[in-house]
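In what comes next, chain A is part of two complexes: it sits with chain B in the first one and with chain C in the second one.
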Partner chain A sequence: MKIVVCIKQVPDTTNVRINPETNTLIREGVESIINPFDMYALEEAIRLKEKHGGEVIVMSMGPPQVESSLKDAIALGADQAILLTDRAFAGADTLATSYTLAAGINALNDADLVIMGKQAIDGDTGQVGPGVAENLGVPHITDIRKIEEVTDNYMVCERLLEEGYVRLKVKFPAVITVVKEINEPRLPSLKGKMKAKSATILQWTTKDLDIDVDRLGLTGSPTQVVRIFTPPKPEGGKVYKGETRDMVSELLSDLQANGVAIKKSKGN
Partner chain B sequence: MSNGIKVIKDKCVGCGLCVKSCPYGAIELIDKKAVINEKCTLCGVCVDACRKFGAIVITRNTFRGQDIAAYSGICVYAEHRQGKLSSIVPEIIGAARELKKDLSKPICAILVGKDVSAMAREIISYGVDEVLMIDNPKIGDFAEDIQAQLVADILTEKKPEIFLGGGTIIGRSLLPKVAAKLLTGLTADCTELAIDPDEKILHQTRPAFGGNIMATILCRNHRPQMATVRHKVMKPADIVEGYEGKVTDMSHIAIPESQIEVLEFVEEQTETVNIADADFIVSGGRGLKDPKNFKLIEDLAKALGGAVGASRAAVDADWIPYSHQVGQTGKTVNPNIYVACGISGAIQHLAGMKSSDIIIAINSDPEAPIFDVAHYGIVGDLFEVVPEMIKQIKGA
Partner chain C sequence: MPSFRNTYIMEENVNYFLTEEQEMIKELAAKIAKEKIEPVAAEYDENETFPWDIVKVMGQSDLYGVFIPEAYGGLGGGVLEMCIVTEELSKACGGIALAYAACGLGTIPIIQFGNEEQKQKYLTKIAAGEWLAAFGLTEADSGSDVSAIKMRADLDGNEYVLNGTKTWISNGGEAHVNVVFAVTDPSRGARGVSAFIVEKGTPGFTFGKKENKLGIRANSTRELIFQDCRIPKENLLGKDGQGFLIAMRTFDESRPGVAAQALGIATGAFEKATAYSRERFQRGQPISAFQGVQFMLADMATQIEAARALTYQAAKSIDSGMKQVSKISAMAKLFASDVAMKVTVDAVQIFGGYGYTKEYPVEKMMRDAKITQIYEGTNQIQREIIALNVIKESARGTK
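Let's turn to the complex of A and B:
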């Protein structure tokens, strides 16, 4: 089967700190990584290939430096990597991004399955998976925590919900997004790293795609960010120290004084 | 004029505010002037940072949208499951009623599914003027491929200027598909909605970068203006006794065949698992030291009638299933009270619970970052503090 994994390069927020004075992100020394959720998508694709055969193609849209993340994906076991890169793509919101990625996937011919992480940790929207599905004209399922069965025509999977989960069967081709629970991503092997070093990352621009230029980048984006601000810095709260019993009773009476109802257990 | 970002050299004073603000490291100071490199994604953060000097401008030339004058009114998506309206629905209607005050336009709701007629009255009772309904056994729960088509068809026919859905698993899957069909903008997981007094368009504010920055987003030239609304942020609409609204049957719209089949729906013990809906959450982290100590967290959660959450450290150590994880790679929660026990408060955890109404932290390390966001902090041993809390709550 032909599996496409869409990845996004994001700033590594595990190293992000907040400047306590300005309450802004400290960007110095922050590296770019593959969006953590996309690592689960890539791992799942590689596992499916190992079990059922086929190929894994990794695709990303972004500036030229995204090539390093695509090489990382090759090191982990992807067979091929394609970067959609063009100044015309810059400034894309989720609608324009979905359209562009779908054009890239269409150019590959006959992908059976497209996998992505449930959202990217910088934008946190989760909108590109369903958007790509719509542009490809195929169904999608979000928040998958387990793939149970894969045949030539369909797959059975478990989708995480607020209050439990649902088992769904979806026909191919389809787009899915995955949550962290689905697997534990592997580390790159030495052989993989060697392969990545010599791998060529294909770069596709608007000229390589069957695409309407009016729907790309900033031009193709209906949404517009008009203001960015840091949320108000939390005021330090009240801190209790001392004997356990006193701290707890003081806390409970403070809560009550502030009109917070602490629910009593039904047994009392 | 083509799109792009430009630094107006005469206005740039070389202060470096833009360099610090850029989330992508795409601005450098060269000869005391800002220079934008190829890493730029045109996100616009720097334009805002430079508002005082106005030295950075982004020109945009958006593709032609619909005839926006033809669109009017507010529409909400009535999410439901297993024959029940989702708890997010009164919250979305509450938000819509606030917008109605400024727009003076009616509110309609889209209700599509199987055996949904009984919910129409309930929706109206929250102050909805019209329910646009398709009740058909062919529209099963989770068949988002066909639901999206039906919602898009209804929106195309009714032309509301605003369409809101829940920032739920379903809402955040369905609405992006609808927006892609209608070629309009969608803002995810908004925490604030307002009508611009002059332009009468929707200001959509949402957290990004794990809640470290907030962004206000507009959809100027396309309709409807679409947004999903974060769970438990908007005040739910009250029931308006005897509110008069009508139900409009939309079943003239053709129902396509779904490619998705539901095999089984499994509800887990909702009492302690459903952290997205919970008013009280008690969370445990690395400080619990051992999986069996989660019992203590469960006991306090039960005493408060709440759900059990966990930090990533606890989930990664296999102490508790992933469905309990709060934070950037888990769930985002907004309970009335969040009690963090033995959780240091890594930035990724804070991203998932920072907007809780009241945060109570219990940690033995007074320097733990969780105390920076906590409204009430107890510096002490959780193995002593938690049992004492249970005792005093039960005795209260």
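Let's turn to the complex of A and C:
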């Protein structure tokens, strides 16, 4: 089984501060980590490999410094790491990113399964997983909380819903995205870290991929971030106290006074 | 606001001259301490939970292998590497760290005196974190007076028959690999003691009740009870009659580990006390503004740094292959454990009434620190070792 895990390098937001003037992240001195959801993806891939054999390839699109995250992935147990890096990739939105990652995966020829985190903690879109699947022309399932069964041709997994889950069967090749309920990621081992230190990370540019340059980076990105801002804190507010009954009627009349709730008509 | 720094403030602006690999070991042990140990330390202490879940994580991360030769699945480091790990783990919990350190104590004699088969069989499993080790020397009437042990091992054909009871054994009942000391020839005194490897599950080998202790409560301290316990002759460690030598050589290498445990506990307590002194306000200012508190912090920091220097020095001396290491090793254990006791008492003082409650971790650190002055030879015994060595050295010089 050939499993590809796509990872994104993100700032460690447990440490992050916002510059109040520019409303952007202060990246200085902030450690870069593998997107936490991708850690679950990587862990699941390694577990699948341990159980069913095969190999785990991690792939990321980004600037050269992403190499450190790819090495972290090797320390955890990935067999190979590929960095898609080229000036042409810069400024990509989720559409261009999905397209580029899919081109990278295609270049591997015969991946059976692509596992990704359900979203990145910096962008929070959750679009790249399904986007990669569409570009590859393969089925996808998002929000997987458990892989129940794996055969040569298909797997059965549980997709998390707001209340409960659905059990789905998907044919390989496929893309899945995973939620944090799926596993508890391991810590690296010292032997893994030593292996990672000497590992070479393959770097692929546009020249290594069968790719349409117009669909890459800023050029290929219809979405533009116009402004980033912290929403103003809601002001005022009122706390209702006392018996539930009284609180509800007080709340209702307040809502009606503000034109929010509509008076209940008799016939209703 | 929790602190997210990777190193303790203590260690900022000090160069310990660690290699890249040692830094890597330190970083990973610190990560495990922060992420896995610190959150459960109070609970495991209260409930006396043996930290098998954390042992598993440490095993997967190769921490148990740092001081085991590469030929047996380890990373080929030495006492310094073992100390670095023990220290980092102890910063979060000295009790949980003992599942590591006591395993080291039980493993050192196998590294030093084990034959090829014994090393293959036991070291590989210990390096992988699958089996823990323990070290059984102390008996009810033989503590500081090691030569007074009574447990017997009698050769009967191809087997030794063990009879007797070991008391206060760390990792007791949890360790698979037990290195125990017994009398094989009572007529020869200290030369009639031998060391054996006994596996958990051997018929005739059982465990007494768990001791209810002041500190290091996450470790199980139990009696090892041997009643006509038969082990194959091959489980003799070293040569017949070498037991006493094996025990002393083991302590020479393991005592810096106790020093490292003490050092970790002290550093953890210092870190908490310093942070608290900046947050706690009295008379409109943080208590860290009072000279009375400042001088305590300064003394604590200085003592810890001195203890660390001595501990690393002892570990490096051993790793360099020096032969006479009893003195420096005893000095490290003595000094670091006394520092740990003093620093943790002062940490509680800085926390005031809050420090005396279980709401804050420093009272536990104070309880945990105490054992480091007692086991692997009380600090009175360490002073005796140091004194005998310096007098001997002086006598040699003036001859």
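One rule holds for everything that comes next: the second predicted complex is superposed on the first by the 220 of 268 C-alpha atoms of A that agree within 3 Å, B and C clash if a C-alpha of one lies under 4 Å from a C-alpha of the other, contacts with A are read in each partner's own complex, and residues count from 1 in each chain.
Criterion: a residue touches a chain if its C-beta (ideal position, glycine included) is under 8 Å from a C-beta of that chain, and two chains touch if they have at least 3 such contacts.
Since the structure is predicted, the reported quantities are computational estimates derived from the model, not experimental observations.
Engineer: In the superposed arrangement, does A:188 touch chain B (first), chain C (second), both or neither?
Structural biologist: Touch partner of A:188: chain C, not chain B.
Engineer: On the A-aligned overlay, A:54 touches which partner chain: chain B = first, chain C = second, or both, or neither?
Structural biologist: neither
Engineer: Applying the touch criterion given at the start, work out whether A:230 contacts chain B, chain C, both or neither, answering first, second, both or neither.
Structural biologist: A:230: touches chain B, not chain C.
Engineer: With the two structures laid over each other on chain A, which partner does A:249 touch: chain B (first), chain C (second), both, or neither?
Structural biologist: In the superposition, A:249 contacts chain B only.
Engineer: Between chain B and chain C, which makes contact with more of the residues in chain A?
Structural biologist: The larger set of chain A residues in touch belongs to B.
Engineer: Do chain B and chain C land on any of the same chain A residues, and which?
Structural biologist: Common to the two interfaces on chain A: residues 14.
Engineer: Using the touch definition up top, name the residues of chain A that touch chain C in the complex.
Structural biologist: Against chain C, chain A makes touches at 14-15, 186-191, 193-194.
Engineer: Under the touch definition given earlier, write down the residues of chain A that touch chain B in their complex.
Structural biologist: My answer: residues 11, 13-14, 16-18, 22, 24-25, 27, 30, 36-37, 62-65, 90-91, 93-95, 98-99, 121-131, 133-135, 138-143, 145, 156, 159-171, 174, 179-181, 214-215, 217-231, 234, 236-241, 244-245, 247-249, 251-252, 254-255, 260, 262-268.
Engineer: Could you please specify the touching residues of chain B with respect to chain A in the complex?
Structural biologist: On the chain B side, the touching residues are 3, 20-25, 38-45, 48-49, 58, 60-63, 65, 141-142, 144-145, 148, 168-169, 172-177, 179-181, 183-189, 203, 207-222, 258-268, 270, 273-274, 276-277, 280, 302-306, 321-323, 325, 328-330, 336-337, 347-348, 354, 358-360, 366, 371-381, 384-385, 388-389, 392-396.
Engineer: Would you pull the chain C residues touching chain A in the complex into a rising list?
Structural biologist: Against chain A, the touching part of chain C is residues 4, 21, 24-25, 28, 31-32, 35-36, 57, 60-63, 65-66, 75.
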